[in-house]
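Pasting the structures in now, so scroll down.
The following pair of complexes shares a single chain, chain A, combined with chain B in the former and chain C in the latter.
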Partner chain A sequence: MATPEPAAAIQPPPPPADSTSTHEFPLPPILQHPSAAGPAELITQGAEGRLYRTSWLTPTRLCALKHRPSKPYRHPTLDARLTRHRILSEARILQKCRREGVAVPALYGIDESQGVLSMEWVPGRPVRVEVNEFLRRRAEKYPHGEGGRGREEVTRDEEGATPLVGLMRRVGEAVGKLHKAGIVHGDLTTSNMMVRPWEKDKGPVNGHHGDGEDDNAERSLEGEIVVIDFGLASQGSADEDRAVDLYVLERAFGSTHPRAEALFTVVLEAYRNTFKTAPVVLKKLEDVRMRGRKRSMLG
Partner chain B sequence: MAPLYALGCEGSANKLGIGVISHDPETNKTKILSNIRHTFVSPPGTGFLPKDTAAHHRAHFVSVAREALKVAGLASPKDLSCICYTRGPGMGAPLTSVAVAARTLSLLWGLDLVGVNHCVGHIEMGRVITGADNPVVLYVSGGNTQVIAYAEQRYRIFGETLDIAVGNCIDRFARTLAIPNDPFPGYNVEQLAKKAFFEPDGTTKREPVLLDLPYAVKGMDCSFSGILGAADLLAAQMRKQDALLASGATLKEGEERITPEDLCFTLQETVFAMLVEITERAMAHVGSKQVLVVGGVGCNERLQEMMGLMARDRGGSVYATDERFCIDNGIMIGLAGLLAWETGFRTPFEDSTCTQRFRTDEVHIKWRTD
Partner chain C sequence: MAAAVEKVELEHLPATHTVLLALYRDVANAGFLQEQLLSRNVDFEYAFVDASAVASRFQLLSAVHKAIAAEMAGISEAYRRYGVQPATKDVAVVKVLISREGAPSSLSPEDVEKHLQAHVQGESVACSDEELAKVTDWPKLRKYHKLNGLPWIDAIKDEAARKSELEMLIVSAMAMRGT
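After this line comes the complex of A and B, so read on.
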């Protein structure tokens, strides 16, 4: 019989260094160059790369510069292989999307040896932020408690949900368009989609006019969906891969916005009408869902 | 109010763990009174079969439970508030053995039963031990690989393996190499991987060789079965080389000699890089800087080191525990069960079943209000 482990007193490790302080990184070499255009601002630290806002060629043309620093935790051989492969494939796929008319940032430049990719700056905020803002406003409007619905799930027919339903529909259409172009994203989440406000005085170009109410805040849900971050994307049109893409989005959506989970059906409905074999993909999605691990086996 | 006590019984895989834990609802202080574990170890080259594992748990339950109570030093089992047992997920037969034993204790002492989700047990134990209040959790073991974050009274699964668990991948590769299963296969793979940094003499430093294995990450999900297949092929190639060299022939020009050490090193580097990557993606997505690693694979020092390097770059920190709390144990079931019991949760005797499939996000985390 194994010797019983003594019951140790619980000693928490020393508290981490102030984890709220902003963390500073050295700028990638391209931004340290004396002639580097304009000041660069670190916008976000994603899983793979750091995104800087800077300018491209002229001081007024904003550009998003994505730097994939080498990962200290990864073996150098593996790290170099992954970084090179992903940056080249991201550039290739951005170009292809552009050709096929999918709304993605335009590719400006690439230096795979430095792990740097620069592209058009997309104004607006991620879908994740917009959806959460919507849910927050809703919770304020209808405080929870007796009869309140602020903490309940959003239903598509409820009063005031129209702008969110419209956004969901545009998300579904954007994914459909991407798949139609023969691209599988590989990491679809609400963080990887931007809501680009319609251009001033132009109005929506694809017939979604009238989604918004006169409420100013709700107008932020208006805009074109621009899919970003193609680091894990691949080219292909297999129904299986497309279905997994949708499954990844469905799960990310449910875990990120539990209160709006019911609206995901709108995404799938919009997706259904975007290309000919979309219904087949949705059928396949049901299989993929069933394959999910450790699903409860009810019924 | 005096602290409450619970007995936790765990047996979802080859570890039978029983322990006594106390929790004070007022001060939220937790204390471990005993943590006894007995592991079923199968011979090298084999895995543990449900039937044999269940028989092991049945044979040792009484002695382990007695030991747990003795070490805890409770005056009487009546001081306990409840008997907690693993409801799932896990292997059916071992789960059933322990559930039946837990029911018996509950009837014997007239105590409430609480069925606990194994994954939630790991998370709650990790939070208590490390003091991480709201981390992104990487739960990695022989049966599970999940990236979890808490939101609105559920532990929500952001990413997981699409096929086998990472621990299963490592264990089965250990079987391919016929490495001993004692104390556990992952530990022996880790030790072999460390040897890859030295020449066979054990002292001269060398650079380990990273062999070519696939890398399978899809968003926050990943897949390990293809990697296991490729690693098994490399192992087969190594055995061919062994036979060739034994017959006095030499390797083909330019062919690299494969060693078990390099294979273990490569496997660890590849699968852990995938785990760290999906964890980092989840952290970026939910905007968290804390990461907690739980589950049996979580006590691998290389994984902890890699996770630490990643967290450091994000200005955050990694929380990990050692094998006493990482590897399946009874107190984690006791803790999660006791927390649920305090909120009024009971498992009625007639519902005290167990299940092989039990999603982490099915459990209502009533005791967290943040």
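After this line comes the complex of A and C, so read on.
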């Protein structure tokens, strides 16, 4: 997390003038106690919860702390049951993924009564940022005066596309691994996947490529895909649900990275080889696309 | 001799709580320690942990954090038998000092250290990852946390990376326990 996200990314709010006491939102009780690492930093604010970056147990261990605050408009008993159910469900899914060797954040702690789930902080940047940065570098390298390539869609065979194609392949493999483990994510986007710099013993066998001037920038596309945010995830192995998962990712990918849309086929090709019924899922994806189109025609 | 008892300030704990850690090797009187816990001797309000079941300081502190959170929620007693058996060789000791209503805990870390040094017959060492790693019984830990039959873990060649994966799985499993 040493590298800040570029401007396109969601920026955390500026630190409040008077640390915790002026927080925009009420902090969960756990974050109201002292911390040597300083106040927690609000990273995202969604409909269901807030994500903070803070320390866990010791000042140097970072964690992602998810808080599902109680909803004042819900009946208190129902609210408590819903919150508890969702926190536990997400925790179980994280635990299941870890056991199956799917790269997800490790679970550090849960407090269902506070609506708090603490997880390992995943270093690196979202796939969304890496893809957009790649496209930006490409556009700079080939300004539109020179044949306009920088503004055209990326093709997998073009010069310099190898790192991006590799990233897409790893995205497909990561989703396949998740599905193989019996988990459907429910909200797959390139923001919900991190590119974590390779850890010991996990890197690709053939290591890095080339040593051109862009090597350092392109290397940021190297790394392990870590799927995050299982707030809408469920356990299940229905190929239909898996196909919908892929469809959601496909749509998100197309709208977030229109210039790289053609590379989504790489994701699907990699997915195809990850488990036995993956080809069936891809067949179903075709049906889901048709259905999606029909739905939009009916308006 | 270095202090036998280490004071640890855990993140996000009320300032009223102070965690003390100690580690003793080759303990000769584990049976006695267990008896004090079973008979609820108030002078022995410690968590005596069989250190062979501890993978790392992080795991130990995770357990401490969970116990304190549960105690604050009033759903569990803070001190209870935590694994020490008569045959236990190496013992990690956890003590949480709590000040109530502005009054400091009646015990100081020095009191605790004196008491432990007087009653635990073993060699005091730092409660560090390095020392804990010397006594960790991995086959036992893997069995206890149902971490066998995961071929992808055994396929990790780098020992530190493999242990780190196992450590995270143990911490996750402990977080889920009791929910």
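Simple rule for what comes next: the second predicted complex is superposed on the first by the 227 of 299 C-alpha atoms of A that agree within 3 Å, B and C clash if a C-alpha of one lies under 4 Å from a C-alpha of the other, contacts with A are read in each partner's own complex, and residues count from 1 in each chain.
What we mean here is this: a residue touches a chain if its C-beta (ideal position, glycine included) is under 8 Å from a C-beta of that chain, and two chains touch if they have at least 3 such contacts.
What you are looking at is a predicted structure, and each value in this text was computed from that prediction instead of being measured.
S.K.: Taking the superposition as given, does A:A91 touch the first partner, chain B, the second, chain C, both, or neither?
M.R.: Only chain C is touched by A:A91; chain B is not.
S.K.: In the overlay, answer first, second, both or neither for which of chain B and chain C A:V131 touches.
M.R.: neither
S.K.: Mind working out whether A:L82 is in touch with chain B, chain C, both or neither, as first, second, both or neither?
M.R.: Touch status of A:L82: first partner only.
S.K.: Have a look at where A:T54 lands relative to chain B and chain C in the superposition and call it first, second, both or neither.
M.R.: second
S.K.: Based on the superposed arrangement, let me know which partner A:V195 touches: chain B (first), chain C (second), both, or neither?
M.R.: A:V195 sits against neither chain B nor chain C.
S.K.: Is the number of chain A residues in contact higher for chain B or for chain C?
M.R.: With both complexes superposed on chain A, more residues of chain A are touched by B.
S.K.: Looking at the overlay, does A:K71 come into contact with chain B only (first), chain C only (second), both, or neither?
M.R.: First partner only, chain B.
S.K.: Regarding the shared-chain residue A:D187, is it in contact with chain B (first), chain C (second), both, or neither?
M.R.: The answer is first: A:D187 touches chain B but not chain C.
S.K.: Have a look at where A:V266 lands relative to chain B and chain C in the superposition and call it first, second, both or neither.
M.R.: A:V266 contacts neither chain B nor chain C.
S.K.: Same chain A residues contacting chain B and chain C, which ones?
M.R.: none
S.K.: Give the list of chain A residues in touch with chain C in this complex.
M.R.: 30-31, 33-37, 54-59, 61, 88, 91-92, 94-95, 98-101, 106-113, 120, 199-202
S.K.: In the complex formed with chain B, which residues of chain A make contact?
M.R.: Touch list, chain A to chain B: 1-2, 4-5, 7-10, 12-13, 15-17, 19-23, 25, 44-48, 71-75, 77-78, 82, 128, 186-189, 191, 232, 244, 248, 251-252, 254-256, 258-259, 291, 293-297.
S.K.: What does chain C use to touch chain A in their complex?
M.R.: 9-15, 58, 61-62, 65-66, 69, 73, 150, 152-153, 156-158, 160-161, 168-169, 171-173, 175-176, 179
S.K.: Using the touch definition up top, name the residues of chain B that touch chain A in the complex.
M.R.: 19, 30-39, 60, 63, 67, 71-72, 89, 128-131, 144, 149, 151-152, 154, 156-158, 160-162, 210, 215, 217-221, 269-270, 273, 276-277, 280-286, 289-290, 305-307, 309-310, 313-317, 319, 324, 355-359, 361-362
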